[in-house]
Every structure is written in structure tokens, then in C-alpha cells.
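By written order: A, B, C, D and E. Residues from 1 in each chain.
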Amino acid sequence: APRTAAEPTPTATPRPLRDVTFIAGFRAQANLAFVAAYLAQECGYFAEEGLRVTIRHSAGQDEHLKLLLAKEAQFTTATGAQALLRYADGLPVRAVALWGQRGDQGYVARADSGIRTPADFKGRSVGIKSGIVPAELRAMLAGVGLTTEDVRLQGVGFDPRVFVQGAVDIYPVFLGNEPFAIRKTGTAITTFDPADFGVATLGLTYLAHADVVRDDPTLVRAFLRATLRGAQLAAERPDEAVAATLKYADGADPAQQRYLLDADLAAAKRADGMGRASADQWRALQATLERYGVLTKPVPAPGPFEGAIIGGLYDAQGRLR
Amino acid sequence: MTAEEPQSARREHVTPTATSNAPTPRAPARPEASTLRSLLPPLLALAVTLVAWEAYIRAAEVPLYLVPAPSDVVAVLARTPGRFAAAGFTSLIEALGGLAVGAGAAFAVAVVMAHSRPLERALYPLALLVKVTPVVAVAPLFIIWFGFGAAPKVLIAALITFFPMLVNAVTGLRSVPPAALDVFRALDASPWQTFRLLRVPASLPYVVAALKISVPLSLIGAVVAEWMSGDGGVGQIILIANSSLDTASLFAAVVVLAVLAVALTGAIALVERRLLSWHESAEVQ
Amino acid sequence: MTAEEPQSARREHVTPTATSNAPTPRAPARPEASTLRSLLPPLLALAVTLVAWEAYIRAAEVPLYLVPAPSDVVAVLARTPGRFAAAGFTSLIEALGGLAVGAGAAFAVAVVMAHSRPLERALYPLALLVKVTPVVAVAPLFIIWFGFGAAPKVLIAALITFFPMLVNAVTGLRSVPPAALDVFRALDASPWQTFRLLRVPASLPYVVAALKISVPLSLIGAVVAEWMSGDGGVGQIILIANSSLDTASLFAAVVVLAVLAVALTGAIALVERRLLSWHESAEVQ
Amino acid sequence: MRAACARDGGAVHVPESSAGSSPSASPAIEVRGVTHHYGGDDGLLAVDDASLAVAEGEFVSLVGPSGCGKTTLLRAVAGLLAVERGTVHLSGDTPRAAAAAHAVGLVAQEPGLLPWRTAEENVALPLQLGGIDAERQGEVRAALDRVGMTEFARFRPRELSGGMRQRVALARALVHRPRVLLMDEPFGALDELSREDLCVELLRVWEHERVSVLFVTHSIREAVLLSDRVVVMSPAPGRVVAEVPITLPRPRTLAMLESEACAAAVREIRAALGRLPAEVT
Amino acid sequence: MRAACARDGGAVHVPESSAGSSPSASPAIEVRGVTHHYGGDDGLLAVDDASLAVAEGEFVSLVGPSGCGKTTLLRAVAGLLAVERGTVHLSGDTPRAAAAAHAVGLVAQEPGLLPWRTAEENVALPLQLGGIDAERQGEVRAALDRVGMTEFARFRPRELSGGMRQRVALARALVHRPRVLLMDEPFGALDELSREDLCVELLRVWEHERVSVLFVTHSIREAVLLSDRVVVMSPAPGRVVAEVPITLPRPRTLAMLESEACAAAVREIRAALGRLPAEVT
């Protein structure tokens, strides 16, 4: 039976606590991957696992990866695609948990724009962030026999107001929160999740330094156990999870955070236990990235995902041991 | 204005008239009086701007998520004043730290550059390189090297304020009246005495000017640094507001920055009054 | 250096000696000669820095993803020179546009501010407000109002360069020798004549100085704008490099910026030589 | 007519009455009861009820201790300063009207040349402001000739010595053929020997121009050497305390400085200044 | 001894030889065959083989046309300029040694006061630089007294008139009791009447200090009024062309300016300058 903060573990207290730094790969918000850590901290799960965890955030550029590689942090978050690409770059990183079983990158169009399916993208202006055409867009278009030649690609920033004001027809979003923000402006929209159109995507992972995974699996296990418990608590008591988030994101809109958490919880659902992943999922992602030229390097064994540790935390019924 | 244009380089005199009159016109204007006079126009201008803005927003029915009306901004500030105050304080401390570090370092380098033209020419392009390096390129390094918390933010603010202070300090340290320099040398003053008693005081007006320029820069620096390390201060308020299209909070944050900038500039102006009452600029201001 | 310190305000003279000698020491130094002399030290300094940097990276075995060695940066530049050149050109155009617009607007406002102290006091805080407004807060508005493409980027660069130009231009327009002003008034010159023939030329040295300060600012502005609207120019290279841990490309982009900044500053210095040969500063530079 | 009378020194015997107003046609410069405070009535009283007149083609010097209001008075005549009380007329016009008619040439202690213009471009300024242009370049050349600066036409001010700059300023003040020439210690920044040279220069020029001069100076001997009449002002607040006609013949030479007539004039002026040799030290 | 001889004017009959070196104890200032180019040998020859000497407690003026090298020479004596050829000694020491011994007081045309210091703080500078401090504030007061600036002790330079600034500069040059006082046109920027006042001032001070003075000026009459001896330099490149002893009795008064003896000295000096009244104009 899952422990809760109410009944602290007897084994926890005597051990000297180990210092661990977790840096969330973006600013504080209610991504399940973040919330899991917030609650693990809040409810003392980390302590029970013998960890003294410092939680940091990054601006969503690549500094969290640099910090991980510099061993300033032991754990961070990255999308499945990022994990795969960096791993293929030969950098010593491994994903030790996969939260989002599907990617959180999608697209929105105004409901009154007559854009209902990816096929309707034809001839419309499609926004792309940071100048890179994502594989999932290419894949989604390919699914309906289109290429990026058939749409007008338009670099857009990180501010949906340009979409709300009609500067672009189709806008790239983080499905978890941006649709909510856009609807708040009174704009009715249709959302497009590539996964719904058979595109293989993966969401956020926990990333660890390869050395840590190899030399110190117990540390990884302890961190995962604590955060998985946090995630479970988040699933049971989402309001507490949002409250915990707001401690890190003072002034954020609770409703929007709740929306994000719910979306992530839905995306994290998995019969054999949250955070796990199958080799097939990763192979499918790899295939997509290779097909659309995002991944050009070979992916050496054993692959970006280390599933054994998290697997060892679950029993046959997918319950946390 | 031109009518009373002071006459160019009026020759000075020692007649009784002069000795009794001359000081009077030269003495700087009464502070409190001038302060009041100098405060009125900007307040007026501000009021006008705000009213016009509010009116436009209402007339054109600009949606809140796009541009808030002043009233919206005030409302946000009023709802959680503590939050904005705290954030402002955090950023202020970082900015001040950055100002201190950046100005200090720049002045030190300026001492070297002022010492010889070739050295100045040698170092200037490097300073320029520092100047054009986008913060994002170095911020992660700073975090890696100096950990999280205030240190990297202060250093980023320092980085941004470094350049203007350098340029002015070099000019200032060079702006020594040659006649005074002659006197020092005729009295066999040591280099250290000349530096301490002559060059440094002579450079003060330029240093103060640079500080004024650097105030907004240091605040911007602190904010950008806060984005990079994704926590604390006005920077975070802006980030969060941005993510939820909360433009009212966004502009409120900007208002906080503006207030801080004006306050700091005012503080410097006060220091200037006390410290540089001897300087010509004291007259015109 | 101090030994030959020019004597303070040497009284001038009309003796034959003087008429024959006086001009000579005052004439500005031969351009080409001084250019060469002024180029050597910085190049040396640069070389030293690069060598030291490379050596450190190799000695300390700093990983590439953290800080690249100069050789790595050069390699990246050599691999896709066209890409960097194109991006640099894009950003350069935006920066120049911004410089032109920002400087132009600032000068126009300066003309108003220079006209009366109260107006200056009134507008200064507003200018300060503009200065502290983080680009992220306004960039989207610019895109919404002016569409995608160059326009918003130019305007953001302009926004950033506005402030220093304003401050200097006001000072410059005020720096008119009163004696000359008297002559104009005694000849009943129209305000327009006084402005065109006296105030504007007198302000040029200050304007040029401000341009020098603004060059790096305008480039930074263009880059930030490119992040905001996420396409084109050096900004995009930085963005992509950042999101793919490609530090070498990141630094390569910074190098491109630095080169552009140095080039622009140099160009301005040349203009200065031609345009301001009459100004004291021509001597010391 | 004036050139002649200047030569035989006849014109210098201006009737004292001219200090008020000349009976004949209105004088070139007429200042009546001018009073001026700086900074409002409760401010500093710079000039107190001063009156003087300069006849057509007359050379009048204004001497007085520093701060007595000489510059203030001169600026009033040049129309650079709106006086508080009293009237100023140039051949019957107001100063601004005279300025508008380009009837005034001004040379101040600071040459006030435009540093970005060459000597000849500076001299051309009055013509340019008057809308007369290139076609009259001849006059610019002529003006530069008159002050012996032809060879320096293309020099910038910073390439010229102080004395040379004053010569250019003088040429600029004369190029548009003003009726009145106002000079405020034009040689104040120069050394004694250079001053003497420029005085000789100025005398030569003046003797060829149909121009009336009001010349402010500190140097009593300079005033005596140059003037038909010397107006003496009291220490501040400035009042006109004496007018000393100079009877030295024209053309004047430096040698005359040694003459007894000169010494006498100097003594008279010093006395008017309350500077009797006896009572000093 | 000096005060006396200065009074009866005996000391002024310095043997011409003293231009080279005085037979007695080494003179206060001795300049021998000094030559200096600005900007290297091929540069501008400013001073050409100039020699002069100032005896203990003697007041010597240096006159010459502008640009003849007076300031250059004075700066060499003050140790501000390393001369190319020739020797400079102050009571046998090198200029730098004399400076190190705080034996030199300097007053240039620009007062060169520190604008951020009050008059008294400026006067205190030499003591401060010499490591002597507060305990000698008395001397600062005394120095200010001597130049009649006591009441302005707390004024900043920009609150003082030009003449007042020069008085403060003079006090600063005297406060550390230097053996030699070097003055480079200290009154150049003042008007004639103020100059006279300050000359009288300077004479009063000098008659109470045991100090030897080298005084650079453009004004021949000023030189005559002040000096025991006037050294005349030729136009550039500067050479010493004459030494004119002034036989006016001490203490001097402005009245003496009117005396025939003065006029004679002036004529002699003008002649030496190649400025015979005859040949002018």
C-alpha cells in the first residue's frame, strides 16, 4: 500500500541525508514531472528516501542540460525527443522515467477558421517556434499527404497574442496550458495533438547523468520512488498539487495550473505504472525523427531510456512497491 | 531662454562689486526650491500620459489581454502589493549589487586604460566584445560557475553596467586640469597622491553620469538574469504573467521597474548635489 | 605622458613665429598613420586573449558543450560560412534600420527637450520608462501592430537605441558657444537658421558619440527581436544553438555580432574623422 | 565726409551735449537712461541710468572697472538684451530693427567663430544669413584681405592663433558693411604686444570703413590710442561718470602712446575712475 | 639681509655676469644654455641656448613676445619639463630635487585650484602633500590672511572671481615657505585695474617673504613695477637678448608708473624687444 506523509517510514530517519539537485527544465508550473518533485519535497518523501533535494528551475533554454552534464544537478527534465537527440550526440545522459506518454506539443486554430483537420492546413500560415520545423508537424502533414511546402511556415515567438490577433492561422502550443490561456481571451479554438493523428511523440522525461545511472542506481531509485509517490498524491489530490506549485510560481493562475496538471495526468496514464516506457515507444519516436531528418546520427546501444530502475519499483499489478 | 543666455567666459574681477556680487550668481540654486520646481513638470506629463492612455483603451475598447488600461494595472498592484514589493526588492538588491560590482570593475579597468592610450586601444575592443555578448550566451556559465541564488544575477547585472562606466571613467580620469597637475608635480606629489587627491575626484562627475545611465541597465540585467535562472524577482512575475497572458501583471511589473529606476536615479541625483556641488553641472541642473 | 602634457589654456598669439608655428601643432594627426598605430594594440590584445583561451580550454579539458575553444568556434564558422554571413547580414540590416529610426526619433525629441528645461524634465521620466520596459513586454505588440518581418525588429532595435541618443543629443543641442549665438542674434538670424547652421552642427560630436554607444545596443536589440518573433538572423542561430546544446555555434554567433559591432564602430569613427576634424576630440583620438 | 574728419581729428571734438542727443540727424548710437537688473527688480543692479551717444563715424570707447556693466550696455545696444528701463536707438531704429537691417557688426572678447567652418566660411556667415550668397564671395575675400588673413582663408579656427581668430571675427563683423561696429574687449585675451598690433590693424581698417564704433575695453591706454572720445563708467552699478575727448591727431601711431597729450588723457581717465596715482597703495 | 637690499634697491644692480653664474654662493635659480625642441630635434625649437640667474631674494621678470619660450623656460625651472640641452639649478639642486624639497612655489596663468576644495583646503594642499597636516592649519590661515582672502576661506573656486582665485593660488604657492616662487603670467586673465591691485598685493607679500621670484609676464610696465631686474627674450626661438636693471626705489607704488625712470626702463625694454615706437605702424 502506498505510504503517505501521515505514516513516516521508520527506515528513513537514521540514514544521513544525501544532497541532490533537481532542476526543472522550465519555469515553475504544474507539469506532472515538476509537481511530483514539489510534492515529494512538501510531504517529506525525499527525506524518507534519504535525500535532501534542492529544487531549481531553468528558463527552458539548455542551461538545465549543461548543469546536469556539469554534475551541478543530478536530475532534470527534457522531452523524449531532446533526450534521444542529446543521447545520439554522444552526451552522457539517460532518461530514467517517461512522464508524458504522448508529446505535449500541438497546434491550435481559430474555431471559426474552418480548419478542422490537418488537411485544412493546406495554404494556411503555420507558426513555428525558435525556427525549427518540428518532426511532428511534418509527420502530421504527411499523414494527410501534405508537406511543409503546402503550408506557409511563419516564425512566431512565444506569445500567443500574435495568434489571438490573427497574425497567423495555425499556432504551435504546449497543449498543457496554452490552449487554456488562449481561450481565456475569449477565442474559440480547435486543438491538434499530433498523437491523435498517429504521430509517435513522447512527453517529458526525467533525465540523469549516465554516470549516476551506471554507478549509483540506488540514488536514482530513491529519487524515482519519492517523485512517483508525489505523482500519485498529485493524481489523488490535484488541488494540493496546484497549491504546492503556486509556492514556486507565486501569482500564477491556479485554474490554468490545474488545467495543465490534468492534461499531464491524462498523458501519463499507463496500465503498468506511471513513468515507465516500452522500447517500442522510443523506437517509434526515433523512426519519426529520422524520417524527417531531425535525427541524423546513429543511436548507440543501450539507447536513451533506462527502464530497469523504474521498472523495479513496480509490482506485477503496476503498483508501487 | 536665450535672452538671459549667460555671457561666454566673462572675465572675472576683483572689484568690491564683484567680490560681493560674483559669488551670488554662481552659488547653486536652493535645493528644496529647485527640487519642487523640477518635480512638477514630470508629474504633470505623467498624469497627462496616463489619462490619455486610459481614455484611448476605453474608447478603442482594446482587449485587456492586449494592452491594459492604467486602472487595470493599478488594480493588479493593489490586489497583491506585497508580492510586487517583494519582487521589486529582490530585483533592486540584485541590480544594486550588479551596479556596485560592474562599476567597481569598470573603474579599475578604466584606471589601467586611462594610464596609456595603447592600453586603451587594446582593451576597448574586448570591452566591446563583452558588451555585445548576449546574456543568454553566458548566463548558464555564470550559474554553473557561481551556483544559483543572487551571485549570478548580480554578475549579469554587473556585466551589463560595465561598459558605460568604463567609457565614462576613462574620460573622467583623463579630465584632469593640466594646471592642477603641474602644481602636483611641482610639489613632487607621489603617483598615488596624484591619483587619490586629483584624478579620482576629477573623474567623479563622469562616474556619476555613468551611474545614471547604468541604473536602468542594471535593473534590466537583473530581470533577464531572473528569467535565465527562472526564479525570483520582477523577472519571474513577467515570465508568469507572459505565460498566462496576464498583461495587467506584466505592465504592473514594468511599472515597478520604472519606479525603481526613477527612485535610484533620484537618489544618485541627490548624492550628486552633495558630492558635486563644486562642479559646473551643478549650475545647469 | 605627463611630461609633455599640453599647457593649460595657452594664450594665443599673432607673432610671425606663432602664425607660422601655431597651426602645425594643432593640425590633426595624419589619418592613415594613426589608423595603423591604433589598429595594432587591439589586434595584439585579441591574439593574446584567444591563445590564452584556447590553452586554458585544452589544459583544463573544458567540455565543448560548456565552453568551446576558439578553434572549435572557427571550425563551426568555416563549416557553414554562408549561413553565418546571411544571418549576420539580416541582423545588421535590422540593427542599422533600428539605429536610424531610434536615433532619428531621439534627435527629434531632443530638439523639443533642448528647447526648454521644463519640457526636458517632463519628458525625461517617460524616456526612462521606455528605457526600463523589457522588450518581451512590447515585442508581441510590435508584431501584432506591424506584422512579422523586419518592421518590428527594426522598431525594437530603435527602442533600445533611443535613450542614449536622446541624452546626448539634448546635451549637444545645448552645447552651443554663447558667443556664436550672440553673433547669430546680432545678425537677426531666424530660429530655423540658428537651428540648421548653429545648433545641429554643434551637436554633431555628441550625436556621433551616442551612435558609438548605440551600435552594440542596436545589434542586441535586433537579436532579441529575432528571438521574440523566432525567425531569421543571428538571433535564430543563437536560439537553435541554445535548444540543441550547440555551444560552438552559440559563440560563433556572438563572434559574428562582435565583428559587426567593431565594423560599425569603425565606420562611425571614419565618418567622425571626416565630419568632426574641426572638433577638439579629433586631436586626442 | 567722415573719413576726412577722422583724419584731421576734427570729428573728435564732439559737443558734450552729444552725450544726451545730438542736435543734428539722430546719432549712430543713442543710449538714454538705460537701467538693468539681472534677475528681476530685486536682482543685481548692473547698469544704472546710463546715457551715451556715438555720432556717425565716431570711435567711442567705454572703460570702467570689471562688473560695472559695460558688457551689459553693449549687449543692450546690440539688441541681445532687452533693457528694463531707458531707450536704445541706432540711427533712430530700435536695436532689433537695426539688427534686422544687418546694420550691426559685433566682435566680442571670444571670437565666437563656428569651429566647423573655415575662416572664409565664417566670414561669409553674415552674407549667408542675409540671403546673399556665392556671388558676393568677392566681399568675403576683400574682408579677409583687410585684416591680412587672405592666406589663412581655408584654415579652421582651431588651426589659428587667438589673434588670428580675432582678425577673422573682425572681418566677419565688417563683411556686410554694418553702419555700427560693437566691440566688447576684442583683444582682452591677447598679450600686450599682440594687442598693440591689432589696435594698429583696427585703426587702419576703421579709417577706410564708414562705420561708427563703440569699443569696450579695460585698457585705458588702448582706449586713448583708438578713440575720438572715451566714456568712463563708475564701479557697479554702472553709471557714466565722465566723457574724455581725445585730441590726438589722426592717423594715430603707437608712438603717440609716449606723448604728453596721451599721458594727460590717461591721467584724466584714471582720475574719473577714482584711480589717482597719488591715492593708490 | 635681502629685505633690506630689496628696500634700498641695492640688490638689483646684479653684475651682468650673473646672467651666467654668480661668483658668490650658487644663486636661487641658475639656467645655463637651456635649449628645447618640442617634438624631437626636428620639432619646433622653443628655447635656444637661454641663460639667466636669479639671486637669493631677487625679483626677476621675464618678458618677451608670445611663443618665445617663456613658459617653456619656467616649466624647465619648475622641473615640469626635462630640457634637452643645458642645465637648470635651484640653489645648486636639480629642479626635481628642489621640488622634492618643497622649495618651489608655482603660480601659473590658470590658478589650477581643485574645484572640489574650498579656498583653505586648496591652500592646505602643499602641506598635505608634504605630510604635514592639521597642526599647521595656522599657516593656512596666515597664508590666506596675507592675500586678504580670510573671509573667503570656505568658498569654492567657482564661487570666487578670477582675481580672488589667483590670490588663493598665490597663498597656496607660499604656504609651504618655498625658497623660489615661479609665476607664469599670473594676472594674464585679469583686467588692467585688477592687475594693478594684485601687483600691489604681490609686492606687499614679497617684501615680507624671504623668497626669490621668477615672474613671466607680457606687460612691460608690470615687469618694471615689480622687478629688480627684467630679462628680455627674443621672438621664437627664444634667446635672452637683454637684462634691464630697474632702479626704482622700494617699496614700489603705482605712482611710480608715471615717473620718468619708469618710462625710461619701458623704452629700454621695448627697444630690446625690437619695438622702438619709431619703427611701428
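Here, contacts are C-beta pairs under 8 Å (C-beta built on N, C-alpha and C of every residue); 3 or more make two chains touch, one makes a residue touch a chain.
In this text, all values refer to a predicted model and were calculated from it rather than measured experimentally.
Participant: Hey, what chains does subunit B share as contacts with subunit D?
Facilitator: C, E
Participant: Tell me which chains count as touching both subunit C and subunit E.
Facilitator: The common neighbours are B, D.
Participant: If every chain is reduced to the average of its C-alpha atoms, which one ends up farthest from subunit D?
Facilitator: Relative to subunit D, the chain whose C-alpha centre sits farthest away is A.
Participant: What are the two chains with the most C-beta pairs touching?
Facilitator: Chains B-C share more contact pairs than any other pair.
Participant: Is the contact between copies subunit B and subunit C built from the same residues on both sides or from different ones, judged by whether over half of the numbers are shared?
Facilitator: Same: when the shared numbers are divided by all numbers used, the fraction is over half.
Participant: How many angstrom between the C-alpha centroids of subunit C and subunit B?
Facilitator: That gives a centre separation of 19 Å.
Participant: Counting in whole Å, what is the centre-to-centre distance of subunit A and subunit B, each centre being its mean C-alpha position?
Facilitator: 42
Participant: Please report how many Å separate the Cα centroid of subunit A from that of subunit E, as a whole number.
Facilitator: 85
Participant: Please tell me the distance, in whole Å, between the geometric centres of subunit C and subunit D computed from their C-alpha atoms.
Facilitator: Roughly 47 Å separates the two chain centres.
Participant: Specify, in ascending order, the residues of subunit D that touch 2 or more different other chains.
Facilitator: Residue numbers touching two or more other chains: 65-66, 75, 108-110, 112, 188, 191, 193-194.
Participant: Could you list which residues of subunit B touch at least two other chains?
Facilitator: Subunit B, residues with two or more chain partners: 7-8, 11-15, 18, 22, 66, 136, 144, 177-179, 181-182, 185, 242.
Participant: Please list all residues of subunit A that touch 2 or more other chains.
Facilitator: Where subunit A meets two or more other chains at a single residue, that happens at 61-62, 66, 70, 158-159, 161, 165.
Participant: Contact residues on subunit B for subunit E in the complex?
Facilitator: Those in contact with subunit E are residues 11-15, 18-19, 22-23, 26-27, 177-189, 193, 197-198, 201, 204, 276-280.
Participant: Any idea which subunit D residues touch subunit E in the complex?
Facilitator: Per the touch definition, subunit D meets subunit E at residues 65-66, 188, 191-194, 196, 200, 218-220, 251, 253-255, 257-258, 263, 267, 273, 275, 277-278, 280-281.
Participant: If you look only at subunit B, which of its residues touch subunit C in the complex?
Facilitator: Its residues touching subunit C are 1-2, 5-8, 38, 41-42, 44-46, 49, 66-67, 116, 118-119, 121-126, 128-129, 131-134, 136-137, 141, 144, 163-164, 167, 177-179, 181-182, 185, 213, 216, 219-220, 223-224, 238, 242, 250-251, 253-254, 257-258, 260-262, 265.
Participant: Can you name the residues of subunit A that touch subunit C in the complex?
Facilitator: 61-62, 65-66, 69-70, 85-86, 89, 91, 128-132, 154-159, 161-162, 165, 167
Participant: For a test of understanding, state which residues of subunit B touch subunit A in their complex under the given definition.
Facilitator: Of all residues in subunit B, those touching subunit A are 63, 65-66, 80, 83, 136, 139-140, 143-144, 147-148, 227-231, 236-237, 239-246, 249.
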